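Chain naming follows the written order as A, B and C, and within any one chain the residues start at number 1.
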Amino acid sequence: MALLEAENVRQCFGGLVALNGVSFTVSPGQIKAIIGPNGAGKTTLFNIVCGLIKPTDGVVRMNGEVITGLKPFQIAALGVSRTFQNVSLFPHMTVLENVLVGRHLHGRAGLISCALRLPTQRREEKAMIEQASRLLEEVGLAEKAQHSAGGLSLGQRRLVELARALATEPRLLLLDEPASGLNTKETDDLARTLRHVRDRGITLLMVEHDMSLVMDIADEILVLDFGVKIAEGPPAQVRSDPKVIAVYLGEKENVASG
Amino acid sequence: MNTTTRIWPRLAAFAAAAIVIQLSLSAAGKVYYLTQLTMAVYYAIVVMGLSLLMGYAGQVSLGQGAFFAIGGYTSAFLTTHNMAGYRGAVWFDLLDKCGVIVSRKNLYDDTLVLTVAPWLAFIMAILLTVVIAAVIGYPSLRLRGHYLAMATLGFGLIIHCILIGSPALGAADGITGVPGLSVGGLAVSGKSAVRVQNYYIAWAVAIAVLVLLRNLVESRMGRALRAIHDSEAAASAMGVNTPKLKLEVFMVSAALAAMAGSLLTHYNEGIGPSESSAFKSVRYLALVAAGGMANLEGALVVSTLLVFLSLRGWFGTYDNAVFGIILIAIVALAPQGPFRQLGLWMNRYRSLYKPGKEARGGAS
Amino acid sequence: MVQALQYFFSGVTVGSVYAIVAIGFNIIYSATGVLNFAQGEFVMLGGMVAITLASFLPVPVAVAVAVAIVTLFGCGLELVFFRRLRSHSVLHMIIITIGLSIVIQELALHVWDEKVRSLPYFTGNEASSVKLVGAALSPQVIWVLGTAGVVVMLLQLFYKRTLYGRAMRACSSNPEAAMLVGINTGNMRTAAFGLSAGLGALAGCVISPISMTHYEMGPGLAIKGFAAAILGGLGNPMAAVAGGLIVGLIEAFSVSVIPSAFKDVAAFAILLAMLFLRPHGLFGCPSGVSVREV
């Protein structure tokens, strides 16, 4: 059964039709990439899947359950997490605290037990810190744990955001242009990290412009143009699809931009 | 994140400062300063609550004065409204059996005055305020920035109008003759005999609030709050129930304001409608800004100091103007809060005047 | 019936003032994105300055000069406080305008004092009355309505027919594009503040004989004007007029249902109701100005 299903998703902003009846599925354990020219509706689709926008029409299901219309935190509780195109870290908190926010779902302590520092809350806090620290080690940023999140380089902030998203223990991870602004070496590291994430059993759905990354790690590619799906399938198939070539890929050289 | 080790030295410092101040004032014969300090500390509790809401959660509220007044007026009304006429009513006798009705002699005509016990009135004051905060907060907190500020200001003005216009609540004169609040051996009251006791009671309450809020801010819930302030969308995407948390914090800050209002009303033996005015609410805003938006200890110290000076009349007739200027000055000159700004200025000063070492490649 | 008519005219009169305050809010909000909490202070200053000037100048001249002074004051505010602070967050902008409101009020208290004052009636005095559709009205009411009407018409002309007005509209809908075509957005913002202040001052002068001028009158007016602006839908100056009239009428008629001591509550309750239920206003569209969070 598909992990994520989108059926006929339509999104209108006033008179502008951003998405016009897009349907697709994501299978468990997959790495699926959504590509398309700017303005094709990719981030809008993401925002719909994770609940920031309610679609004008259409249904999105996660494991068979309808998630359209749920608030983002409810969808997060169902196992969907994401990173943002403009890295949305919490700049006034440390790196470790940022990742700890990712563990929020896995804590139970309410306002009162936090204020009173009850024993259960203290135990929970210790466990959270351990888990968050471990995640930071995995992405190689353990020594930056106490640094302010606003002061890191872009590549490092991307990694912190990834660690934060992973901290929620998602089943499906949405990545919005994870390679944007990264150089070739950083992109290679990213590819390795993402494969590693998938091997842990997390399904990945990403929007990306960097064709080399996409062709490298994606199991399936979905191509959008002007809010409409024009192709869906394994990289080799999509790459040779004449519609896609006409609209997007252009020359044989890949169009890896920033 | 083991910050309890950091907090005890600071608490000890606060306690020591409080003791030193009291002893020196008593020795100097200026005990009446203690009264004003006590009042200032209670107001500082309101500011700490607002600091939690505005500094950490990032929600602007211009209604803290109203919550303070609701708490104070509820306590005042319930402890002064004579219920002797209700004797015989079922609910009244029930309350009486529970021991929550107290009596005292009316000084003027020797009749018996029956009122609700102050401790129960205190609890009811806080509960009522929290309920009202929930009712107002639920729709208000869905609004952004400007609109939230306007909604809370509008709410505050409505409360102010109601208080000033209701004869049952004393209209423009407010309620006076409020008895003290006694729990165990301690009494929150304006009698000069318990002046020093009340000074320490106020500090104890303020420090307890400080510790609780600090624990909150350093915990999972506190991180969630700060996350909401930085990016509500990202916080929600990470699973933080943002509407619920914002409402809960709003209710907490309202409860703190109500508690301070009730205690101060017992201390001052009365309360007036000016506590709910827009001026007061703006003043709390200025005090949060002056203490450094997200700085609980700063809020406590700066607020106590400034309110004390204001009560002593240092600002004369320019009292309100001073707080208005503080607001403008903080935002224009030190938007990160005065302490952080001072730190930034000092760093800049250091780098301007000591580049020599690095330039010469010397060790530093 | 006569009573209802009196309420009606009373509501429309005070509603016209709310309308002008609401228009002032809109002008500044559109051009700068700032919600000016100090809007009511412009009205107060207009009245106060005019009253002082009227002690040695003929009333019309006093009003004109007062409006000019307050207009310059508004421009000055923008230049001093808002020009360099544009990059600050919404929270900071709110706080600055609140602080300004307080400081201006206190300055007014010290320059003038806490007494309630008023301008002399423009025509006649407090005893004169004019019969209109069966109701006895003070001639000043005609002045208020007339001024409001003229202001609205002139604004329409300004925005639609003059280059300056069109430039201002361009600034509010797309500041970057406006800059690209050579419009000096900084000056536009200053002009917006000035215009808004001048209109407020005019309203303050014209309403002074009826409602008195008092150093603390600002915040109440600002809230009611804001309620009117929200009612019409922020960003729509003409709908603000409708909003102002509606708020004024509801407030006037509310006296028949609730004790007059609570008259102000009506307008504040409208504000809350609008913010909670229909923040884009009666005439705005839901996809417009984003009032709600996420």
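Everything below uses one rule, namely that a residue touches a chain if its C-beta (ideal position, glycine included) is under 8 Å from a C-beta of that chain, and two chains touch if they have at least 3 such contacts.
What you are looking at is a predicted structure, and each value in this text was computed from that prediction instead of being measured.
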{"item": "Farthest chain (mean CA position) relative to subunit C", "value": "A"}
{"item": "Innermost chain, taking as reference the mean of every protein Cα atom displayed", "value": "B"}
{"item": "Rounded Å distance between subunit A and subunit C, as computed from the means of their C-alpha atoms", "value": "47"}
{"item": "Chain centre separation in whole Å, for subunit B relative to subunit A (CA means)", "value": "42"}
{"item": "For subunit B paired with subunit C, centre-to-centre distance based on mean C-alpha positions, whole Å", "value": "34"}
{"item": "Where subunit A touches two or more other chains at once, by residue number", "value": "52, 72"}
{"item": "Overlap residues in subunit B, where contacts from two or more other chains coincide", "value": "233, 236, 242"}
{"item": "Per-residue multi-chain contacts in subunit C, two or more chains", "value": "294"}
{"item": "Contacting residues of subunit B [partner subunit A, same complex]", "value": "1, 4, 212-213, 215-216, 219-224, 226-227, 229-231, 233-243, 248-249, 252, 294"}
{"item": "Interfacial residue positions of subunit A with respect to subunit B in the complex", "value": "50-52, 71-73, 76-77, 81-82, 84, 88-93, 96-97, 100-105, 107, 109-111, 114-117, 121, 124-125, 128-129, 164-165, 168"}
{"item": "Footprint of subunit B on subunit C - complex, ascending", "value": "35, 37, 81, 85, 88, 90-92, 94-96, 98-103, 105-107, 109-110, 219-220, 223, 226-227, 259, 261-262, 264-265, 268-269, 271-272, 275-276, 279, 290-294"}
{"item": "Subunit C partner contacts - residues on subunit B that touch it in the complex", "value": "54, 58, 60, 62, 139-147, 149-151, 153-155, 157-158, 161-162, 164-165, 232-233, 236, 242, 278-279, 282, 285-286, 289, 317-318, 320-321, 323-328, 330-332, 335"}
